[in-house]
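The two complexes that follow have subunit A in common; it is paired with subunit B in the first and with subunit C in the second.
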Partner chain A sequence: MTERLPPQPGEWIDRSRPLEFQFEGHSYSGFAGDSVTSALAANGLRHLGRSFKYHRARGIYSLANHDVNVLVEDDRHTNIRGDVTPLWAGAKLRAVNTFGGLAGDRLKIVDWFSKFLPVGFYYKAFHSPRSLFPFYERRMRNIAGLGAVNANWEREHFPAAYDFCDVLVIGAGSAGLSAAIAAAGLGLKVVVVDEQPRPGGSFNYQWNGDAAAAKLWAVLAATAASLDVRCSTVAAGYYADHWVALVDEERLTKMRARAVVLATGAVEQPAVFGNNDLPGVMLATAAQRLIHQFAVKPFRRGVVLTANDYGYRAALDLQQAGVKVAAVIDLRATTTDGSVAANVKQAGISIHIGHAVTFATPSRGMQGIQSVQVSPLDSHGQPKPSANIDIPCDGLAMSVGFAPADGLFYQAGGRMAWSEDLQQFIPKSAPAGLFAAGRLNGVYGFEQEAADGSRAGLAAAAFLGKSIEQIPADPERPKQSPTHPYPIFPHPKTKCFVDLDEDVHYKDFVNAAQEGFDQVELMKRYSTFGMGTSQGKLANINAIRILAHVKGQTVPQTGVTTARPFYHPVSLGHLAGRGFHPHRRTPIEGQHEALGAVFMYAGDWKRPSYYARPSVSPQEAIAAEVTAVRTAAGMIDVGTLGKLEISGPDAGEFIERIYTGRFAKMKPGTARYGLMCDESGVIIDDGLVARLADDRFYVTTTTSAAGAVYREMQRWAQIWGLQVVLASATGARGGVNVAGPKAREILQGLCDFDLSTAVFPYMAVREGTIAGAPARFLRVGFVGEWGCEIHMQACQAVHVWSSLKMTGQPHGIRPFGVEAQRVLRLEKAHIIVSQDTDGLTNPYEANMAWAVKDDKPFFIGQRSLRIIRPRPLKRILAGFTLPGETPAAKVPKECHLIIENKEIVGRVTSITRSPTLNQVIGLAFVSPDRAQPGTPFQIRLDDGSLVTATIVATPFYDPQGERQEK
Partner chain B sequence: MFKPQFSPLHDAIQHEHPYAKWCDVQDMPVFLHLINPAKELELAKILALADASFLPRIVLKGPGAAAYLQSLGIPIPEGLLKVAPLKNGGLIARTGGSEFFLESGPVGWPSQAAADGLRSPSYKEGVYPVLRQDASLVISGSRAGEMFRHISSYDFIGEQHGDLVFTPIAGVTCSVLRTTLKGRPVFRLWTDGTYGTYIWHTLLEVAKELDGGAVGTAVFFPELASKDNQP
Partner chain C sequence: MKLLRCPINGLRPLSEFLFGGEVRDMPDTAAITDEAWADYVFNRQGEPGVRKEWWYHTASGTWFIAERDNLKDEFVRTYLHSRDASPTETKAT
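Right after this comes the complex of A and B.
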């Protein structure tokens, strides 16, 4: 650790806990409390990364998560931000985005060709021929970019949590802590968050030796010790109603606050000049963070470029740390009379007033700097090259101004206005309950920021109803801005970087403006400034200044770009959280598991697809289940069906309006098929409508639509104002459908009522008991055999299922799954809504005109269907078969297209090989003029070949319905 | 005829605790203790979940529901989502203007009349019974509120009004009530029984991270302990 300084007051490292680690294959050591970057710097490493596009050498710049020069990876994680990631023992790290290692990166050659790669070059160069674009795209993506995700690593789980407070304070500097203390003192529940590992904000690095600041901080820190202060916690996004996403190492916390104080501070901004990106060039605050937080000497011989007193403090800090400070370059024409400048003079440091750094001379290999070129500025602030001087140095610290950390303020809906005096945006208006404090509010100075924080804290408390005698007056902002209005000194022959994340430099802006992308949002998208990992924290304000300069406008006339979440990058794992995947279980799911069911998802449900058997293929298992239903009996869990009860004096009228069919004259104890359309006449669901009593109906819906249908019914019940009571029994009732030629015999042994056709005919409904359990019985025929759906209390479903299984065993009963049911229903040509229909299908297209009773007074969709009906149909659902000898490879799949004269005229909606008929059968949308039985048509397969099918009449099986109705 | 009934959580609990002690309540196996009773009592102070699905419950809806309940001697909560206790440890909650959710205590409904009227509610004019087969949980312990913060956007720690709350928990609509049971502060949670296993597993996962766990029903309903029918 060649650059490690002796212990510094308040340093963050724990020298008693050394940590060994590796970087680029070499071994180093650091201390607990080091960041990855500070540990590398302590070991004398300056060149720590390669840039996004040109693969230029990069080093420490902000040391504050405001740039991503130092992005590293290990075998598990990539894009680790070295500046703010704590070092850990045994880390084996390497830089991202290199080809052949950091030092020998082969793609640094890209920088040599950079004049041929201006911003937007790929839009122009590679758009033609179009077919080659994917090739170029892959190459560019490989060359430019960040780390590669290791997709083979197992998922990491990050728990998410919700939290609540009265006042959330974002930023634990002097302003934030003062706000928190003020609000908490009035009895409010306050939470303070800060992205840094320790509270203190700028006190941690910028106020070294300031006795007044130290005294105030001691008071603040002691008072805040009892507060809920969460460090290393990023406020990543601000959403409606003061909902703030807080991200720490472990989790994302969704914090709902009643009021928020933003004391997020200001981000120090860089100057723009030639080679301003090379290792050794850094923000003054980065150098100060290295010294005070991590006890690392930033460089050996340095120059400070400044436009405020903060730069002078940085010069003193550097000298105190053993750096030979060659000069302070002050952009201002005159300096302040403050003592800090006098101290610098007294320390023997040369001061160049009214000068600028215009160029950094690279060291060998472009991996650092060896000197800076300094030019005096004329009365217009322009450098005078004829009077250039060269100052040898290996480091440059820049302190030319600040930009408010206003991302969250904008996200919250706040508005900012430009302050010409302050040369920064300051809050103009804020949503109710949001208060800005400190540097974000344009207030500078440790005590002043604390006072402004107290004001904001009291204002937040008053907003929450606390009685405050007097809220202090608005803050006093500095008379002299710490921010230079145009710290941009383009060098004609070298790149002057504005956005280091995206490798966007000064000329890119000029070129973009010349090409017409001269609006700030257009320029952002064309040049990609501000679109990198750091979201323009160091680039946006300089980019706006340059655009304003090019267009001859002011900054407010140029405008700002939109701030969106996230303020700092958030890992997808954090966003995913625990990954809740609600899973509904029918009461007999455990029975299916015991029977070897292979499950498939149906919305939140898992349903048995089929029941696996040893040495039997899935197709054979499904066919055997079909055969069992056709020849003996089968039982299927239909507990997933929607089950709704509609009661009340107007229940009949309600049903009449909901469904397309006619139900008014239904007798209690009977059931009918029900088809539901929406107001545009599109089929949305179907099921059974059973009348239990004059004022009570029991209806079933499809599994997937149960929730939506219930909500829709509730909506219509309110709109129509009918006297109906709706209740869902979907989860409260289990369901089993028993079907097959032996089903009645099996059931009769368990039920307490006569199941003969005379007493319990097709489409009848009864309430009775099965194996002693009360249940509702529906005589149905969905699978084309004598069948009965039994709907029982969920708690007794296992008992009913087991009783049926046991009683049916001698009769050959067999459980069957969804796949067998699909085959069985297709043999009967019964449609499945949303499989054989789509989001545009009306009943006429589905060949279900019989289900629409247009002569009744009203039903949902009636008006639309009356308009549709006279019009010629464009498609109609029809049954088809394939020749018996069709090989499996030539059997179409669902959604394969029907082709006529090379045009798409329809699609297959259902298709299967029927074990009963020993033939491939299906349903398809075809042209109405090609829907007559015997008409051939062609279906295109995945490989582009065509197979010929023939329209046939439906149902395919038992066309007279004798088996299901007998 | 023996007609076994099962809680929606039966499979989940039995799978994890195959040797749990249980008793039979109206043909339903109820898990009395899943682990050592003393350990369960300790967990109940930190964070414990128990299955209370065995308690009979029903919803009555319709314009005549309030009058019908009053005729059975059952108190009617005045406001929406207000809850009133029933004799024998049950409760009634007003879940709509004319909709009431009732759950029996462990030893039955408040009176024979109420039991008869609610067990087999006849379809009287303006009174419509709704079958309920909820998964019902009791949650106790000092870290219970913290557990909810992992899975719900509702502030169960800050809001202490004692009303019934309908809110998504881990993506599933649940009813939650902050109340006391035998003097112990608890949360009661009800959800559609078909989501019961999912909710149980999800809550348990979080509870275990917070040093909590599952306990037997007897921790909260000690009167069941006398029903222990296992050797």
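Right after this comes the complex of A and C.
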């Protein structure tokens, strides 16, 4: 650790805990509390990364996550941001995006032929011949980019947490902590977050020589110790009603605040000049962070470029750290004769007022700098190259201004306005409950920031109803701006970088503007400035200045780009959370598992698709289940069906309005088919409507529509003001359907009532018991055999299922799944709503005019169906078959199209091989003039070939319905 | 995520609610022309301003009406359908 300084007051490292690690195959050591980058710097490494496009050498720039020069990876993680990732013992790191290692990266030659890679080259080059584009694209993606993803990654789980507070303070600097103290002092629950590992903000690195600042920090730190301050926590995104995504190493916290204070500070901005990206060139705050937080000497002999007093302080910091400060270059034509400048003079550092750095001379191999070229500025602020001087140095610290960290403020819906005095945007209006403070609010100076923080904290408390006698006015903003209006000194022959993430340099902006991409959002997309990992934190304001300059307009006329989440990159693992996927289970699920069920999802439900048998294919297993129902008996879990109780004096009227059929004269103890349409006459659901008493109905819905049907019924009941009570029994009741020629015999052995047709006819409903369990019995025929749906309390479902299975065993009863049920119902040509119908299907198209009774005053959809009915149908659902021995490969699938003269004239909605009829059967939408039985038509398969099918009359099986009704 | 005040259950996150569309009275189906009926069925009022909307609190099965400024995406107030808006209404957020 050659560059490690003696212990510094307030340093973050723990010298008692050394950590060994490797970088690019070499071993180094650092301390606990080091970031990856600071540990590398402590070991004398300057060249820490290669740039995104030109593969230029890069080093420390902001040391604050405002650039991504130092991106490293290990075998497990890629794109680790070295500046803010704590070093860990045994880390084996390498730089991303190099070919053959960091030092000898073979692709650094890209920098030399970069004139062939002009701005927007993605859009210009490699488009002809078109056939070669995939090749170019692969090459390009190889060369330009960040780390490689390890595809054999092991999944990491990140929990998500929910949290709540009265006031969320983002930023734990002078303003943030003062706001938190003010709000907490009034009894509010306050949470403070800061992305840095320690609170204090710029107190950590910018306080040097300021006794008053040190004293203020001591007071704030002591008071804040009792607050809920969460460090290493990034407020990554701001969403509606003060819902803020907080990201720390372990989790994403969804923080709901009642009010928010944004004290996010300001981001120090670089100057633009030739080779301003080389290792050794850095922001003054980066040098100060290195010295004060990590006790690392940033360079040996340095120059400070400044436009404010902060730069003078940085010069003193550097000198104190043993850096030989060769000169302070001040961009300003005149300077305040402040005490800081006097101290610098006294320290023997030469000061060049009204000068600029225009070029950094690279050291060997472009891996650092050996001097900077300094030019005096004329009265227009233009460098005079004739009077250049060269100052040897291996480092340059820049302090030319700040830009507010306003990403969250914009995301929250705040508006900013340009302050010409301050040369930065300051808040103009904020949504209710949001308060900006400190440097974000254009307030500079520790005391002033603290006062502004207190003001914001009190304002937040007042917003939350605390009585505050008087909220102080905004503190004064600085008379002389710390921010230079145009710290941009383009060098004619060298790249002057504006966006280091994306390797966008000054000339790119000029060219883009000349090519017509001279609106800020257009230029952003064309040049890609601000689109890199750090989202332009160091680039946006300079980009806007350059565009304004090129167009001869002001910064506010030029405008800003849109700030979107996230403020810092967030890992996909954090966003994915635990991969929570809820599903509903019927009470009988355990039984299905024991029987070898293969499950499928039906909406939220898990349902048995079929029951697997050893050495039997799924198709054979399904066919056997179908055959069991047709020849003996089958049982299926129908507990997923929607089950609604509708009662009250107006229940009958309600049913009449909801369903298309006629129910008024229905006798208690009977059931009817119910079809439901929406206002446009489109079928939305079907099921059974059973009348239990004059004022009590029990209806079933399809599995997937159960929730929506119940919801819409509730709404209609309110709108109509009818006296009805709706209750959903979907989850409370289990259901089993028993069907087949032996079903009645099996049930008779278990039930306490006579199941003969004379007493319990087709479409009857009654209460009774089965194996001692009370249940509701519905004589239905969905699968086309004698059948009975049994609905019982969920807790009795397993008992009923097991009893049926045991009693039915000698009769050959067999459980069947959803697949067999689909075959069985298709043999009967019963439609499945949303499979055989789509979002436009009306009952006439579904061949179900019989279910619509228009001779009643009203039902939902009636008015539309009255318009539709007289018009010619555009399509109709019809049954079809394929010739007997169609090979499996030539059987169409659902949604295959019907083709006539190369035009699409219809679509297959259901198709299956019927084990009962030993033939492929299906339903399809066809044009009405082609719907006569015997009409041939052609279906196109996946491979483009056509097969011929023939319309037949439906149902395919037992057309008279004798088997189900007998 | 936005917050919405259910008249029965108070202020809850938007993920607990479903949007139910604009509040519209169904016209008299016996008197209305085909064209006017089609307009009712298919067209919706989308212009900026304070709109009356149906919202459903899924956890409790509560339908209610929210008046929302769709330009600012701000809820103005919420109340049950059975009552007309009265001064005692709870503010939406």
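The rule is short, and it goes like this: the second predicted complex is superposed on the first by the 951 of 966 C-alpha atoms of A that agree within 3 Å, B and C clash if a C-alpha of one lies under 4 Å from a C-alpha of the other, contacts with A are read in each partner's own complex, and residues count from 1 in each chain.
Everything that follows uses one rule, which is that contacts are C-beta pairs under 8 Å (C-beta built on N, C-alpha and C of every residue); 3 or more make two chains touch, one makes a residue touch a chain.
What you see is a predicted model; the values in this text were computed from it and never measured.
K.L.:
Output check: A:798 vs subunit B and subunit C. Expected answer is one of first, second, both, neither. What do you get?
P.N.:
first
K.L.:
Would you sort A:544 into first (subunit B), second (subunit C), both or neither based on which partner it touches?
P.N.:
The answer is neither, since A:544 touches no partner chain.
K.L.:
Between subunit B (first) and subunit C (second), which, if any, makes contact with A:188: first, second, both or neither?
P.N.:
Neither subunit B nor subunit C is touched by A:188.
K.L.:
So in the superposed three-chain picture, is A:443 touching just subunit B, just subunit C, both, or none of them (first/second/both/neither)?
P.N.:
neither
K.L.:
Could you tell me if A:679 is touching subunit B, subunit C, both of them or neither one (first, second, both, neither)?
P.N.:
After superposition on chain A, A:679 lies in contact with subunit C alone.
K.L.:
Subunit A residues in contact: does subunit B have more, or subunit C?
P.N.:
Residues of subunit A touched, subunit B against subunit C: more for B.
K.L.:
For A:584, select first, second, both or neither according to whether it touches subunit B, subunit C, the two together, or no partner.
P.N.:
In the superposition, A:584 touches subunit B alone.
K.L.:
Which of the two partners, first being subunit B and second being subunit C, lies in contact with A:647: first, second, both, or neither?
P.N.:
First partner only.
K.L.:
Taking the stated contact definition, name every residue in subunit A that is touched by subunit B in one complex and by subunit C in the other, in rising order.
P.N.:
Looking at subunit A, the two contact sets intersect at 254, 256.
K.L.:
Residues of subunit A touching subunit B in their complex?
P.N.:
159-164, 254, 256, 578, 580-587, 589-590, 604-605, 639, 645, 647-648, 693, 696, 725, 727, 729-733, 771-773, 793-796, 798-799
K.L.:
State the interface residues of subunit A toward subunit C in the complex, per the touch definition above.
P.N.:
Listed in rising order, the residues are 239-241, 243, 254, 256, 679-680, 710-711, 714-715, 718-719, 721, 858, 862-864, 867.
K.L.:
Could you list, by residue number, the parts of subunit C that touch subunit A in their complex?
P.N.:
It comes out as residues 1-3, 13-14, 18, 20, 26, 29, 32, 34, 37-38, 40-42, 54, 56, 61, 63, 73, 81-82, 93.
K.L.:
If we count contacts the way the header does, which residues on subunit B are in touch with subunit A in the complex?
P.N.:
Residues in contact with subunit A: 1-8, 11, 28, 59, 61-62, 123, 128, 130-133, 149-155, 157-158, 170-172, 192-198, 202, 205-206, 209.
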